[in-house]
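The letters A, B, C and D name the chains in turn, as written, and every chain counts its residues from 1.
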Amino acid sequence: MSPRNSTELLNSKMGRRSFLKMGALTSVGAVAVCSASEPIVKATPQQLKEAYPGSKKVKTICTHCSVGCGIIAEVKDGVWVRQEVAQEHPVSLGGHCCKGADLIDKVRSTNRLRYPTVKKDGVWERIGWDEALDSVSAQIQALQKKYGPDSIMMLGSAKVSNEQSYYIRKFAAFMGTNNIDHQARI
Amino acid sequence: MANTLGYGGMTNHLGDMQNSKVILIMGANPAVNHPVGMQHILKGKENGAKIISIDPRYTKTSAHADLFARIRTGTDIAFLYGMIRYIVKNNLHDKQYLDERVFDWESIVVEAEQYTPDVVANVCGCTAEKFLEVVKLFAENSPGCLIWNQGWTQHTIGTSNTRLGPIMQMFLGNIGKVGGGCNILRGHDNVQGASDMANLSDILPGYYPINEGSWKYYSGQWQVDYEWLKGRFKTKDMMEKKGFALSTWPWGVIDDENAENNAGTPLKALICIGNGISTITMTHKTKEALDKLDLVVFIDPYVNDAAVITDRTDNMFLLPAASQVESSGSVAATNRSYQWRSQVVKPLYEAKEDHDILFEFAKRLGFYEEFTRSLKNGKPSYEWPEDATREFNRAVKTIGLQGVTPERMKRQQENWALFDPLTLRGSGVVEGEYYGLPWPCWSDKHPGTPIMYRTDVSVMEGGMGFRAGWTDKGPDGKPVVVAEKNGQTLLAVNEPIGSRFKGGHLEITADNIESFGITLTAEEKEKVKGKNWKNDNTYILVNKALEAGLCPYGNGKARARAWDWADQLPKHREPLHSFRQDLVAKYPTFEDKKDHYRTNIRYASEQNKQNWVADFPINVVTGRIVEHMGTGTETRASKYLAELSGEMYAHIHPTLAKKYGVDNGDMIWVHGTGEGKIKVKAVYSYSVAETDIFMPQNFSGLWSGKSLVDKYPKGTAPYALGENSNQVTSYGYDIVTACPETKCTLVRIEKA
Amino acid sequence: MSRMKFYCDDYRCIDCNGCVVACKEAHEIPVGVNRRRVITINEGIEGKQKSLSVACMHCSDAPCQKVCPTDCFYIRTDGIVLHDKDKCIGCGYCLYACPFGAPQFGHEGIFGVKGVMDKCTFCAGGPDETLSENEFEHYGQNRIAEGKIPMCASMCSTKALIAGDASEVDKIYEYRTAKRGDNTSLKPYGWEAYNNGK
Amino acid sequence: MESKTFWECNKAYILTALGLGVVGFVFVGFLMIMDWGYLIQYTMHALIGDTSGVLTAPASELEQMVNAAFGPAYNSVAPEIIRASNERQEYIWYVFFAEIMIFVFLYIKNGRVTPTITRPNDTVQVLTSFQRAVIWLNIGMISILVLTGFNITWGLRSEGGDIPRILREFHELTGLAWIGVWLVFTVIAAKDMKGWRKNSTFRHFLPGSFKPSKRVIWFFYAAMGAALCFSGAMIITLHPSSLTHADVIQFRRVLLYLHFGASVLIMFFILDFVYASAVSVKGYLKGLWSGNYPREYLEQVAPDVLEDLKKAGRA
């Protein structure tokens, strides 16, 4: 780009005066006159290049509403680097609302729950997975023994996959209760 | 809806709306809740469709409608009956269609008689002229598509709404038609799938009822002994009894009277997997329940906001689950399409995938081997998620998931560019398949059913009649064989083209299959002995039926009258907290219902407790906003979405606000009919009626004017916090599904 | 000569903010800076509610360029107006000159006063080396260099926002208005109509 | 005083107003493309609190959308901003030329007064340390503001970059800090005014009394300062935000224009200050620094100041 082009603009009376008289962006004719002296910078030679060479494009489905928009995630070295446009998805045709466009935030978010946590004496404490699972399981067993299997309520999710859903239902059955429900009820 | 047509899924698909000539959107706001679905509606509009929006609010969808009618919340039935009455009176109904495919539609006409335009105007609160304009526009254009959403289901009479909607459509012959249909737009990304997979207290995967036969069938599928499984339950009765629902479980904790419905015990522990429980009504009761429980476990990628709402100080576990993009599997879109969701990245931090957490629990609870036996299916190890997909392919026969194999889904995902958005039909390597193999997909050769109940295509191309599987007993009290009423048969009169058997027929069983002109070899007969299409693991019955062009579930009539329900015909009933007390006597609600999802639910006694509207003179409509989903646990944690919509508000009409001396931007207290109260910002808006306020349901993190941000574990608080509108939503549950009443709520407001 | 243009079809825009977030997430823009925004007028008034997504319009005679004291703007041959953040001093004159409110200023300078200007780049990066890390940091993705259309338009949920060569955009507009058949093509959307007071 | 006519009393004010009027007329009439009708109406609207710039209800949906999305009436103020910021680059030299001409004229007319000092050690403290601090802070800050302001105006010469950007940020921050100094100056300008207070309330700010020609400079300095402080502070406070853009952009444009205008005009009075302190009287500058002046200096140049100090018992 030429560094002093605005000086040239200022010095070219014709261009500037015509600009002043027309005010702003009104007359197409004046624009043409104006652009004769306008600095135009040629784009750098562009060739089709990859922003993330060697990345893998993973096709997946948006996790928000039930329209089921396609998502293409560009993954490089195990990191989701960019959300691409699933232009060819037959339902969404690349479209997203603000939530879908923000899907990558799931992995970028800084306020995810990072490790098992338990509230003990009014404070949150970090614990290990094994400790958490052991403790919960033991308590479940104790409750089942004392009050029967129907003392447990399970809430499944409309956000997990069918496979997980199927196993959540199966889990409830194996726990010996029909106290299982999910968001279809709202 | 399932009780009317056979299946409860959306009948058509989103792209099909481009073929419609008129689209009636009632109790739905796709521009906000399904923005990408709106794309197809708007394209339909460009193709000449008229869009009608009926809503208590002038929504973003209404802004794109050709016609908008404002009605009072919870009066859809009166409106629909009025439409039916007009349609019949003016002879606009498709009589041939009704005769061939609908059982007892005449009683609907009789019932509709009372809903004259003036009655509709009185009940719904719109003018009779407006009503007539709507019904004319809808009835005179064909095909017409009907869209609804939670605006219909979240009522005490939600199921009546969802029955009458399809019935009205059938009067116009719009079901089973390109560009027609009843399109219920689901909420979350996999509500359809989680319902198909029966994360529900009243069914088993594939909508198998929880009776002995189904449990036996599933013990077989899970490769466990039925007796062993029965032994896991307290009693056989409890095994076959509907459990608590998402909306009613807090009452199972708080009210001891419900213990007798629940095998003598109140609820003691809650295991919540990815569920924003503050979106159900009366959050302050949920809080009370959470406070009282012995053990609470939340399994979520983000901190569940219920964990900070409760005041409990002990024994509350937060287990980090992987988010959906860190997990793979299939998800069902609103149109019954199963799409493959690939894992993008490995679970972050210490998060584990949900099924892994369950497996870990199963190990510790001592049933891991039984739990994963069918997953391995004889092999030494299993491959997640494909083996689980195969497992439900095998198990879920009722809705035809046999053909939805992981291989096909992955191939479709690979080649999704080859599908036509308008018809969802594939070409090239996926030639003939429909995108997402919308169920029923009867076999791995079947292309899926993008538009249900079509009789103008053959069964192998997705054609079918209505399901001949109404209930155990016919209206005459005898088991359904070919039940009759006034000489009317329950079986359809027509059939999908290419069907070798003419006319309607019952579902395919080993006993009746040969009566439809299908012959089985002796060996095949032996294999399927005593089986029917729903539990025949050899698929012989289904495949033979398909060969003959018959739909495995039979070819019946849709039920306009559900003879086994409290309301045989859908009836308008005023909400429990009605804005029109004068109409309560004429349209009273149900009698109190005991043991409804193990809870004793008040109906009439709540409605008659007091003149609610005298003390709570404002009607509340709650709904979603486009930036947030559910409780917003995920979306409010996103900085960009929180920036766009970071504050709870109440839309209030300036005229109403004037009455209370509330200026734009003032804080107001909203008091619900329960004890809940919230402090929100009043925002002037003309979108609400002068008697209403609107509040988004997506906020949480403030509690009656107090911030809960300190109660989050360090570094996990979302960016946007707000009052939870469900603190003020009223008591009330659907008579059949126990869906909470969120849309008809009365409140009083005062300036803060 | 082709010129890149945006067009937002107000008959289709449903105020879902998809474009806004798509842009921010793609370019990792700080909170408070909105290269693109959605405006709704007459909210809730029957028959009058309209939404529109606006960003830099990439003017042929960009006033921002005229007013910039350090001359940091340049216009590519395809009409995309870009600026050089290394030159920008954040004076804000471009904001006063811009008819569309496109230039944005985050709080990033000393004591949190406003920093250098940021605006829509039509996803064409900036003067730094194409597809370099530096370019991404300053201007976000360079999708044009990759042969892709801008993020906002490609992620528009209802395809209201169209981006591309002016003649192509025009074709889509003509097609849609012809289909709608409501003579909208006779009602030009733009400053000329505005100046005529109609 | 009683014997003076109105003209004699107010000559300085009238002449200054006339001079500014002529300059203003030339600018407004021949050089500006601002829609003055709009600006006047706008100012009236702004005074009653409506700064959005929407003066008439929109006639069409399009206009309404434009108002909501982009801000109203682009063509009334913005082209002037574009013109002004361009012309400043070029024409501000002429302004300086005119100012230097005035400078030279004053010198020729008044020359340089040189008091004869015979007793250099007999000094009187005229300026307290606070007064000196204010004066020197003002000098320092104004220098910074002028330099950093020119840094923006003449950005083209520096071609931008980090240093000019930091200087620009410094301009904003210094400007905010200068508001305090300006407040003191406003008080000084109002000192000893007729009808203000019977006795000089603000005497301790600066001893002596103003001659009209002196006071008018203080006045205009304070007034232009007010315009600069107000517009500058508002421009910084009404930080550009996409959500409020349409509501404030017209206000900001007008404010920026005010800033431009005031900054050009205040230069006259700054230059007068330079003349007065550095050239007009020998030894004045030195006293500004030390605060002490020889008694003889005061006797010859500023007897009123000495008188004041005597009354206060400081001399």
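Heads up, the rule we're going with is that contacts are C-beta pairs under 8 Å (C-beta built on N, C-alpha and C of every residue); 3 or more make two chains touch, one makes a residue touch a chain.
Bear in mind the structure is a predicted one, so any value in this text is a computation, not a measurement.
Chain pair with the most C-beta contact pairs: A-B. Geometrically, the chain at the heart of the complex, using CA-atom means, is A.
The mean-CA centres of chain A and chain D are about 52 angstrom from one another, to the nearest whole unit.
Taking each chain's centre as the mean of its C-alpha atoms, chain A lies 22 Å from chain C.
Here the CA centre of chain B is 40 Å from the CA centre of chain C.
Each of the following residues of chain D touches two or more other chains: 74-75, 78, 82, 86, 89, 156, 159. Touching two or more other chains at once are residues 16-18, 20-21, 25, 32, 42, 50, 63, 66, 68, 71, 84, 99, 157-159, 195 of chain C.
Touching two or more other chains at once are residues 35-36, 39, 626-627, 639-641, 644 of chain B.
Contact residues of chain B toward chain C in the complex are 31-32, 35-36, 38-39, 42, 45-47, 57-58, 60-64, 68, 626-627, 639-641, 643-644, 651, 685-688. Residues 59-66, 68-71, 74-75, 78, 81-82, 85-86, 89, 151-156, 158-162, 164-170, 172-173, 235-236, 239-243, 245-246, 249, 252-253, 256 of chain D are the ones that touch chain C when the two sit in their complex. Interface residues of chain A facing chain C in the complex, by the touch rule stated above, are 1, 3-7, 9, 19, 24-26, 31, 34-35, 38-44, 46-51, 82-83, 85, 87, 92-102, 104-105. Across the interface of their complex, chain B is touched by residues 11-12, 14-18, 20-21, 24-25, 31-32, 42-47, 49-51, 157-159, 176, 179-180 of chain C. Considering their complex, residues 58-70, 73, 75, 78-80, 86, 88-93, 95-100, 102-103, 105-107, 109-122, 124, 129, 132-141, 143, 147-171, 173-186 of chain A touch chain B.
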